[in-house]
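Shared between the two complexes below is chain A, which pairs with chain B and chain C, respectively.
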Partner chain A sequence: MLEYRVEIALWAISGIIPFFMLNIWTNNNLNESINISDIMLSRYFLCAFFVRQFSVVWVVFSFEEDSLMGKVSPYLIQPLNPFFRYFAQHLAEQITRFPFALIIAFFFFIFNPESIWIPNLGILLLSIVSTFLSFLIQFLIQSIVACLCFWTEKASSIEKLLFIPTLFLSGLLAPVVSFPAYIKSWIYLTPFPYLIDFPANLLSGNETNIIGGLSMQILWIFLLFPLFKKIWSEGTKKYTAMGS
Partner chain B sequence: MNLRKYLKVYKKFLHTSLASELEYKTNILIDLITAIFSLTGSIFLLSIFFQNNGYIGGWKFEQALIIQGIYTILNGITNTWFNPNLAEIVKHIREGTLDFVLLKPIDSQFFISLKKINPSGFLEIMLGFFLLFFCIRINQINLNLSFLTLSLITIGCSICILYSLWFFISTTTIWFVKTWNAIEVLRSFLYIGRFPLNSFSFSLRIFFSIFIPIAFITTIPSEVFLGLSQLWEILLEVIVAAVFLITSRKFWLFALNFYSSASS
Partner chain C sequence: MVKNIINVRNLSKSFDISSKEPGLKGTIKHFFKRQTKSLKVIKDISFEIKEGEIVGFLGANGAGKTTILKMLCGLIYPSEGSILVSGHLPFRRKENFLKNITLIMGQKQQLIWDLPPIESFYLNASIYDLDKFEAKKRIKKLSEMLEIDEELFIPVRKLSLGQRMKSELLAALIHEPNILFLDEPTLGLDINAQRNLRKFLQKYNKETNATICLTSHYMKDITSLCKRVICVHEGEISYDGKLNLLLKKLSPVKEISIVCCSEKEANKLESSGFTVKNKIKNEITIKIENKSITSSLKTILNNFDIEDLFINEPPIDEIIGKVLIKKDYDI
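Here is the complex of A and B:
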């Protein structure tokens, strides 16, 4: 992974959209209407950036490439589910991304010195746990989509479709608190706000329901995991080795 | 004579790549739904910004929709032409098949940037035009000849700038081989084009007009639609577009000197 330092640095930069959004929010005083101070909002978007950095998943693209090139066949013979391989790759890359994310946070604090804060240890641990759970949810969803490769070959376009609600509803571009009431009434039943909004609120010290959020995350994992198992076992039965 | 040859070659490109893309028909349908979702999502985001404010950076909601429309058209063009060809350039350079392109009796930049086409982007372009027509109605814009020529010129210039940016990054593949992440950076910056430039703070505005001219790409054409643009802005956009096109061409020719094939 250290081979691709520049790439990972670039990737870390490509995640800075939350900062642009923060700029729109504060520059137009939009936060007054949702009762969040400038400082809390800037912390929220910084945390959203961090959560996003450590929960990005791209397993569907790796799997699609491997399956089109016929690389999945040798993996299937091994006594380990190939998704463990991708899982390990993701974890390794998250660790390499950590220093770059810290550098970006450092620059953020230079420009916004008033928003520096130190979360207490318990909150920090809880938010690491919830970021990891968010990563697990996204990994499971994408793995389920990736398994559709067994049927359609180009599963990545389904993933691009699913990415749109993730982008707009997860809280990456605007905190879920600011959403209109007709969306807020059902959004907390979907997995989206638990992907970024919940961990970011937790870490930044904004108001959130800690127990409710964590239990919804765990609930979604328990719902998605059997689905993945099912689709994986159905899919491998359909598998026809391509390109070999 | 020369132009006719290129037109003829382009017709063949269109034919072959359309034929291969239409193999995946469900894919095109999914891409259409994605485009609609994506537009709905950004209008939703805009409506959040505007829910308690009448103006963002001096733009009303109806006016900001014009920017969305232009962004959608440009994004459709990116998905139709720039993105699929870029993927090819990276592949050519990694596998050393750029040799075959260079040997052909045709301009390499022409070949490499127009070879492929992804028809699902057309739907996005149409979606953008629908939104624009809707905006013309709700903003009560008079259609006249000077408005049409100016808007065509500015949108044309935006396309040139956008093309140059994409081509510039794909050219760097010759040195860096893998440029996917650089593309992601460009994409995330281009995302800013969905919002009026004036809604950002002064320092970001400067950054987005000088280093990455996103200001020129969507804001100036939208101002033309509203009749707010100054003549110097339009002239500046034409100059910037010309500079970008020429630089990207020069840069490609320069980069080719460093191309040292692969696995041959």
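Here is the complex of A and C:
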């Protein structure tokens, strides 16, 4: 059991990029240029950490491995889309991460006591919904890419192309508000800022368009879901059950 | 009259295969100009399988047996022709169809590796809409049939291959399917585990009247389970019919080893008109046609002084092997 506990702790620690970014931002006083106080910035990156913990997705890697090893075959002849299995796995792992994420937050507040705040219940609930929607968007994007396994066998390489915009445009390295205005307007048309930036701003109490953000998240889900269904249906016709 | 549960008409399947020459040059060439060709692995086959039948698919490696099973269970899409399984087009993978079938592939597992099998059983029960009470009842019944008990609560990775295979079977049968597709289910199992598995499949077939389509390289699986076999050679059906008929046709003679009382008696037998395979001192081996075996044995027993007599059944692997390597074998 010890190895499992260590593995879970490592999962949680592996998502601490936002804290490194916070350090870079505050040490270089970069937040002054975007009119965000130190406290609000530290809350933002803490929230980004939380959102990341509960929206990170790796379905493309799981599906690719299962597909190449022939493990998808038994799932395909069950009356349940295999992606529900991966979905359930992700949810289960998120629940497992929760206590570890709380411990990291606890230590964060010990070192940054001025950042302690209690969001009101309404905002907290909306943030949970928004984080879940962010998870759904990422899950759908990766599932669509994962379905390319039916054609390319190496869908994870395509996912790596998406990793770069996700890293820079999602708000993981910097709040989207820090980008120049003309770039920002384009970024907000993509799904990326709704993955981390929007839910993190919402939870941390930064100024954000709640209705606009939630609507965009729902819109992206409505756009991505039929695309996933279509690519799944076409892809399974191409399935050769290799490795089995 | 027993109805057909599987109907296959003019079924073909082609795969696009790319080939690469060795070395750096070959890799660069492959990267810029990939050579692909279409390979027809199943060629215009037709057959029917009746409800409750156990049919063995025989063929050499790469003959197309597994591809046929994969198309029958809806895992892969046929290129041409039609398949109807229990009134469904398998590749559409409709819920009603999927709830009626199962596919078991030797060495491929669906059990969750780090958890005890019981967890996978309950997961499968939920997938097939079984309530907890019903699931418990079926797990109990199947685990008794398969003779597994405490293994249900041990993580899968710690089970032996035989225990794992039994658990795989239980997981695959929890929804009580009517049609079982078994692709080399005894692969890698020891003799006792193989025998137990065969006994279980016979019992399951008897109790539920399930149809079983089976591929195996172990002839014992085929001979003890299947009355009917379909031989596949390079994607085509080379024989479809009763196994005993195939064996009779392929092996029309039996070898009889006779130990005579003396060498003189053996010489007498040698010159009496029987086809002699070999003779060493007072031991002689003769070949007799299946149809005249009773009368020939009577003649031998009445006219010669013999000490002992053995009827040698020809090795079944050898006989079936002949069918597998030659398409136009005279059956």
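Just so we're on the same page, the second predicted complex is superposed on the first by the 241 of 244 C-alpha atoms of A that agree within 3 Å, B and C clash if a C-alpha of one lies under 4 Å from a C-alpha of the other, contacts with A are read in each partner's own complex, and residues count from 1 in each chain.
Operating definition for what follows: contacts are C-beta pairs under 8 Å (C-beta built on N, C-alpha and C of every residue); 3 or more make two chains touch, one makes a residue touch a chain.
Since the structure is predicted, the reported quantities are computational estimates derived from the model, not experimental observations.
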| item | value |
| --- | --- |
| Which superposed partner A:T240 touches (first chain B, second chain C, both, neither) | second |
| First (chain B), second (chain C), both or neither touched by A:P113 | neither |
| First (chain B), second (chain C), both or neither touched by A:S157 | first |
| Chain C versus chain B, contacts on chain A by residue | B |
| Chain B versus chain C as contact partner of A:A174, first or second or both or neither | first |
| Touched partner set for A:Y75, first chain B, second chain C, both or neither | second |
| On chain A, the residue positions that both chain B and chain C contact, one per complex | none |
| Of all residues in chain A, those that touch chain B in their complex | 4, 6-8, 10-11, 13-17, 20, 23-24, 26-30, 32-33, 152-154, 157-158, 160-161, 164-165, 167-168, 173-174, 178-180 |
| Complex contact set, residues of chain A against chain C | 70-71, 73-80, 236-241, 244 |
| Residues on chain C engaged by chain A in the complex (per definition of touch) | 15, 70, 73-77, 91, 93, 95, 98-99, 101-103, 105, 108-110, 124, 127-128, 172 |
| Residues of chain B defined as touching chain A within the complex | 24, 26-27, 30-31, 33-34, 37-38, 41-42, 44-45, 47-49, 51-53, 56-57, 176, 178, 180-182, 184-185, 187-188, 191-192, 195, 199-201, 204 |
